[in-house]
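Several structures are given next for inspection.
Next come two complexes, and both contain chain A; in the first it sits with chain B, in the second with chain C.
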Partner chain A sequence: MIPDAVALQTTGAIARLLINGLQAGAIYILLAVGLSIILGTLKFVNFAHGALYIIGAYLGLIIAQDPSFGGKLAEWGFGDIGLGFGYLAALVVVPLVVFVIGVLMERFVARPFYDRPDTDQILLTYGIALILTELFRVLFGGASRSIDQPPWARGSATGVPVLGDALTALGINAVSTWRIVIILLTAVLVGIVFVLIEYTDFGLTVRAGTVDAEMVELLGVKLSRPYLVVFGIGAALAGVAGLVGGPLVNFNPDYGATILVPAFLTVVVGGVGSIRGAVIAGLSFGLIQAGLVQFGFSEWAQVGIYAVAAVVLLVRPQGLLGQEVAA
Partner chain B sequence: MAVVTGPATGRGGGGGDYPSLGNFPIEGDAAVFGFNVPTTGPYSSEGEDELRAYELAAKHLNEGGGWVDSQFDDLSGDGVLDYQIDYVEGDTATDPSQATNSANQMVDRDGVIMFSGGSSSATAIAQQQVAQDSKVLYMCCLTHSNETTGVECRRYGFREMFNAYTTGQALAPVVAEEYGEDNSFYQLYADYSWGQTQQESMNQFLTEIAGWEQVDSVPTPLGTDDYSSFLSEAANSGADVLILNHYGLDGATSLQQAVDAGLKDSMTLLVPLYNRPMAEAAGDAISGVFGTAAWDSQIDNEASNQFTEVFQEEYDRIPSGPAQLAYAQTLQYAAAVERAGTFYPPEVIRQLEDYEYDNIGMGAETMRACDHQAIRDVPVVRGLPGEEQEQGSYFEIVNVTSRDDLWYGCDEGPAAECELGPYGDE
Partner chain C sequence: MSQSDETATEVDRETTDTSDRSTVGQSILEVDAIDAYYGESHILRDLSLHVEEGEICALLGRNGAGKTTTLRSIASTAEPEVRAGQIRFYGHEITHMATEDVAVRGISLVPEERRIFPDLTVEENIHVAEVVRNRSNVLGRNISFDREQMPDEDLYEVFPRLEERLSQKGGTLSGGEQQMLAIARALKQNPDLLMLDEPYEGLAPQIIQSVEAAIERIREDGTTVLLVEQNAVAAMNVADRCYVVDQGSVVFEGTAEELRNDEETRQRYLGV
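Up next, the complex of A and B:
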C-alpha cells in the first residue's frame, strides 16, 4: 500500500501536469482552430494569421485602456488614442472588427488566389503579414505592450472561492485566474465553432464544399457566402486569441510571426481542417511541454514539441485526425 | 601593404605613418559608424532606445550639444578629426547569427570604422568576434554576461556595462539585509551565455555573501512566452526566493506571469538585471522587486541630468540605461580617436586601455587594459508600485554600490579566462 503522503504527492504531480498542460495547450488551440478551419475548408494557406492576432491585441488595448503609443501616432499627436472602455467592451468589439477584416481579406485577397498554387498563397499572405507588421511598428512604435487583466480576473486562482480550495487540495499553488478564464473561453469558443461546422446546415454546406465544391455549386448552392463567413470566423478567432493572450504575454508588432509557427504546427499535427485534431494536438503540446519541465528536461521543452510533431508526421503524414489525400 | 601617411591625408594620420588595417584609412569625407541593435525579437524595446541614443550621439558629434560640449573635453562638436560622422543601422533580431551577418555587412559593404550595439550578450560576443577578425572596433552596448570580458573577450571590443558577477556582488548584501540570511532560492534563467553566467554568479554570491542555499536552477529557452510550467515547478519547490534571470520582453513576461500566478504571495521575487523598457512592460509586477540597472535618470549628478535633459528634449521621453550606454560608448570611442589623433584602430585601442574617466554619470571609472572591462559602480534598484510609476520613474535607487566593493583582479574571476588577442600591428 502506498503511504498517504506519497499518494498525495503523486496526485499533486499529476494534477500539476494536467493543469499546466491545459493552460499551455489552451493558447495553442485558440491560435490553431481559426487557422485550421480556413486551411481545411477553403484550402487557403494564411500566413497572415499571426498579423490578425496582433490586430486583435492592439485593437483590444486601444478599446480597453488608455495607452500612450510611440511611433508616428505620437509624432502626429495621436499617441493617446486609447478609449478606456474596459476589457469586456473589447471582448465584444474585437471579434466583430476582426471578423469584418477577415471578410474583406477573403473577398479581396484570398478569393482571387483560391485556384493558385499554395506557394502563391504563402507569398501573398506572408507579404501582407510583413506589411502589417511594419505598419504597426511605424504607427505604434516597437515597444512591448500588454493588456491589463480585467479586475475580476486578476491574481492567483487559489484565491478564488471553491476553485481555489480545489486547486490547493490538489497541491496546485501557481495558477493565475486569467489562465483559468482562457481555458474556459477557449472551450466555449471552440465548442461553438465545432457545433457550427459539424451540426448546422451552414456547416454541412461548408463541409460539402470542402469535399467537392463543383458538385455543391452544380446543386445550386452558392459557396462564396459560406466561405466569406468561415474566413471571417477564422480571423475573429485569431483576433480573440490576441485579445486574451494580450494580458498573458507581452506583445510587439513582431509577435505575430512568433505565434505563427506553433499555430501551424498544431494544425498540421492535428490534421488540417479537423477541429478535434487541433484540440488534441494543442493539448498534447501543452502536456509534453509541461511534462518535460516537470520532470527536469526543461531545455527540451520547446524542442520536444517539434520532435513529437516530426514523429507524428512521419507515422501519420495527414496528422492525427486528418483525412488521407489520395495521390 | 599600403601605407597611409598622416599629413598626406590631412586627417586621421596623427603625424605618424599607419598601414591600412580593417576599414582604415577612411575613404571619403565622412567616418561611418555602425549601430547594430535588436529592432526585432525579445530585446527590441531596448534596441529602439539604444538607437535613439546613438543617433543623438552622432548628432552631437557633428553639431555639438549634450556631453560633447560639457563632459568630453577631447571632442569639438565639429565631427571627429574633421570628419563628419555618418552612420548605418542594422537589426540583430536578438540572434547571434543575424548579428554577425549584419555586422559583416556594415564592415564589408558600408565601410564602418567602428560599430556598436548589443542588448544580448550572445549577439555582443558574436559581434566582438567580427570586430577582432576584421580589425574594426566594436564598442559593446548592453551586454551583461561574464563571458563578454571573460573567456570571450577580444582586443577589438570594449565594455562599459558591468556584468553578472558584479550584479551578484552588489545584490547579495542588499537582499541578505532585507530578507535575512536563512533563505533558500530557486532560479530560472535564459538559456544562453548571459543567463548561464547570471545564474552562476547569483548562486555564488547568494551562497557566499548572503548564506542562502540554492534549491534548483532551471534553464528556459530565450524568447519563451509561456512560463507557466516553469513557474509551477518553482512554486512547488519549497524555496523562499525565486530569481528570474530573464531580460527584455522575456523578463517582463516571466515576472508578470509569476505575479499573476500568485507566486509573489508565497515567494520573494528577484530580477537581477532591470531596465526601463522592461519595467514599463512589467508594470505593477515589479513593485518591491530588487535588481540592478545599467544606469537610471534618477542618479543625480551633472552628467546624468544633462543626458536626461538632452534626450528628453530630442525625443520627449526619459532615456533608459541601455540608451545611456549607447550614447557614452559612441562618445568614448570618438574621444579616444581625438586623443590618438588617428582612426588607426590599434592606436585608438591603446587610448582606451586603462583610460580613466568620470564623465558619464557613473562616477570614476577605469577601462581596464587586461580585459577591456569598465571598472565602475553598480546601481541596485527596487521596483516601485504601479501607482507611483505615473511620474515616469519605475524604480527607486536603493544604493549605488561603489566599485571599491566590487570587481576582481585581472587574474581572478571571469578576467582570469580572458585572452584579448592581437592589436593587428604587431
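Up next, the complex of A and C:
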C-alpha cells in the first residue's frame, strides 16, 4: 500500500469515528442540554425528562407515518391514527407540542415543588414518568417501534453535492446521510439555545437567576416567565431527541427510563447548568461509544461511558464545567 | 417563589402606578406596627418607622436586633413573614406584595454581602436591572414607570471605577468595588427609595469614605436612602435621622445630632 493511501485510510477511519461519535453524542446532547438548563436554572430534578423523549418519539411517529398501533387505541378503533404528513412536518410540530407540554408541566407540576426538597421532586417526577409510561403502554401497546428515515435522508451522504466531495476528500466512502442530518440538526438547535442563553436579555436573566433568584426578583424581574420558557425549551429539546433518535433505535414506552440514565450522567459529567459542559460530555460519551464499537469492543460501549464518568467525577465532583458548590 | 405566586393575582388586580409622588418632604414609606417571623421565631415586634422624601434615614442596632429583617420585610422577600401590621409606600399598601412588584414600585434593596452575580461582567450585572423594563417583563403587570432609568454616564460619574472594569467578571472585583457595583445596579433603576444593608461591612476605612461620598451624592440627586448599619459612627456621619432597633422594636427615633448627644442610648444599644 502506498503511503498516501495509508494516510487516507487512517484519516477516513478517524473521520468515521468522529461522525459516528458525533451522531451518538447528539442524542445525549439534546437530552442533556434540556435537562441541564432545567436543573441548573430551576434547581428542579426532572425524572420525567425521559418521558418527554418518548412523547417526542411517538408523536413524531404519528405525524410522520401511518403506523398501526395495538393497545387500547386499536380496541377503540383508533389503531390507525397516523397522519402520514412526513418527517419534516413532525420536525416542526413535535418541538412545538412538547414545548407546550413542558410549559404546562412547569406551571402545574414543577412550580409548586421548587421550594421542596430534591427527594420530593424526584418522587413526583418519577411518579409522572411511571404514569406516562403506563399510559403509552395502555394506549399504544408495548411493541417496539421505530420511525422510518425520511426518503431525502436515506442512502450515503457521499452522493450529496459539496458534502459528498468533502467526505470523499476525508477518505470516507460511505456514511449515512441521516447521521449527518442528526449532527447538523443538533448543532443548529444547541447553537440556538446557546445564543439565547448567552447573548440575549432573556438568557442574562436566566443566568443571573441561576446564581441568585431572589436578587433578580429584588431588581424587579418576574422570574416565573423565563422559568416557564426554560422548562418549555428543555422539554422541546427532549422531544426532538425522541424524534431524531426514532429512526436509530427501537423504542417502546419503557425506553424513556433507559435513556434517562445516560442523559443525567451527561449533565453531571458536563457540570449542572452548563450548556458547554453538556455538549463536551455528550460528545465524549458518543466518541467513546463509537470508538469502542469501531475497534471491536461493542459489548463494552456502555461500560466505557460509565467508567469514564466515574473517573471524571472522582477528579472533578462538580463536573467538567460545573461550579463548585460550597458545603 | 411560592409566596410570589400567591400574591401575583393580588398584584395584577391593582395598577402599579408610580406617578402619585408629589408629597415632597413627607413620608414616602410608612412601616406601621409590623410583626415579622422567620418560621416560628418572632423577630420584629410592633416595629414602626417612617422615611421622609429626600432624606438619609439610618436604622442602627446591634447584630441580631432586627435591622436586616426590617429591610427584607419592606422588600417583601419570601422570608421573613409579616404577620401583623402594614407597610405603605406613597400611601399604597405593599405588605405581602411579590418581591419583584415592590421593586418596580420604586424600592431597591442592596442586600448585605452585596450579592452581585459573580460570573457576569460588571456591565451585565448592571444590565440585569435594565431588563426590568423589557416588554416580556412588564407585559400584563400593569406597570408604569414615571422615572427614566439612570443614564450610564450619570451612574459612572458616581462610580468611575466601575466604568474602567465593565468587561471584568463581578466575582473578580475587590470588596469595595463589589459594593459599588451592588449600589450601582440598584441605582440603575433610579429608585425613589434605596435601601442599603450594611454597605460598609468588611470595607477598609478609605473605601468606606468613598462609599459615604457615593451615598451623599445619591441623596443630592434626589434619591431617598434607608441605611442599615452596625457601624453607627459611619452611619451618623451621613444620616439625617436615625432609628435604633433592639430586640425587634424601635427604642430611639431622632436626628443624627440628637443620637450623637444621647450618650446613654448610644452606649446601651450601640456600644459607642
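In the analysis below, the second predicted complex is superposed on the first by the 312 of 327 C-alpha atoms of A that agree within 3 Å, B and C clash if a C-alpha of one lies under 4 Å from a C-alpha of the other, contacts with A are read in each partner's own complex, and residues count from 1 in each chain.
The rule is short, and it goes like this: contacts are C-beta pairs under 8 Å (C-beta built on N, C-alpha and C of every residue); 3 or more make two chains touch, one makes a residue touch a chain.
Small disclaimer: the values here were computed from a predicted structure and weren't measured.
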Chain B and chain C placed together on chain A: clash or fit? fit
Between chain B and chain C, more residues of chain A are touched by B
Exercise. Is A:G159 contacted by the first partner chain B, the second partner chain C, both or neither?
Worked result: first
Q.
Contact-wise, after the overlay, does A:Q318 reach chain B, chain C, both or neither (first, second, both, neither)?
A. neither
Applying the touch criterion given at the start, work out whether A:R225 contacts chain B, chain C, both or neither, answering first, second, both or neither. second
Superposition result for chain B with chain C: lowest C-alpha separation, Å, rounded to 38
On chain A, the footprints of chain B and chain C overlap at residues none
Counting only contacts in the complex, chain C reaches chain A at residues 1-2, 4-5, 8, 75, 77-78, 98-100, 103-104, 108-109, 111, 115, 117-120, 124, 127-129, 131-132, 134, 136-137, 141, 185-186, 189
The residues of chain A that touch chain C in their complex are 111-112, 114-115, 201-202, 204-205, 207-208, 211-225, 323
Residue positions on chain A within touch of chain B in the complex are 12, 16, 19-20, 23-24, 27, 70, 74, 141-146, 148-149, 154-159, 171-179, 248-250, 252, 254-255, 258, 289-290, 293-294, 298-299, 301-302
Per the touch rule above, chain B residues touching chain A in the complex are 39-41, 44-45, 47-48, 191, 218-221, 223-226, 228-236, 248-249, 252-253, 256-257, 260-263, 265-266, 277, 280-281, 283, 316-317
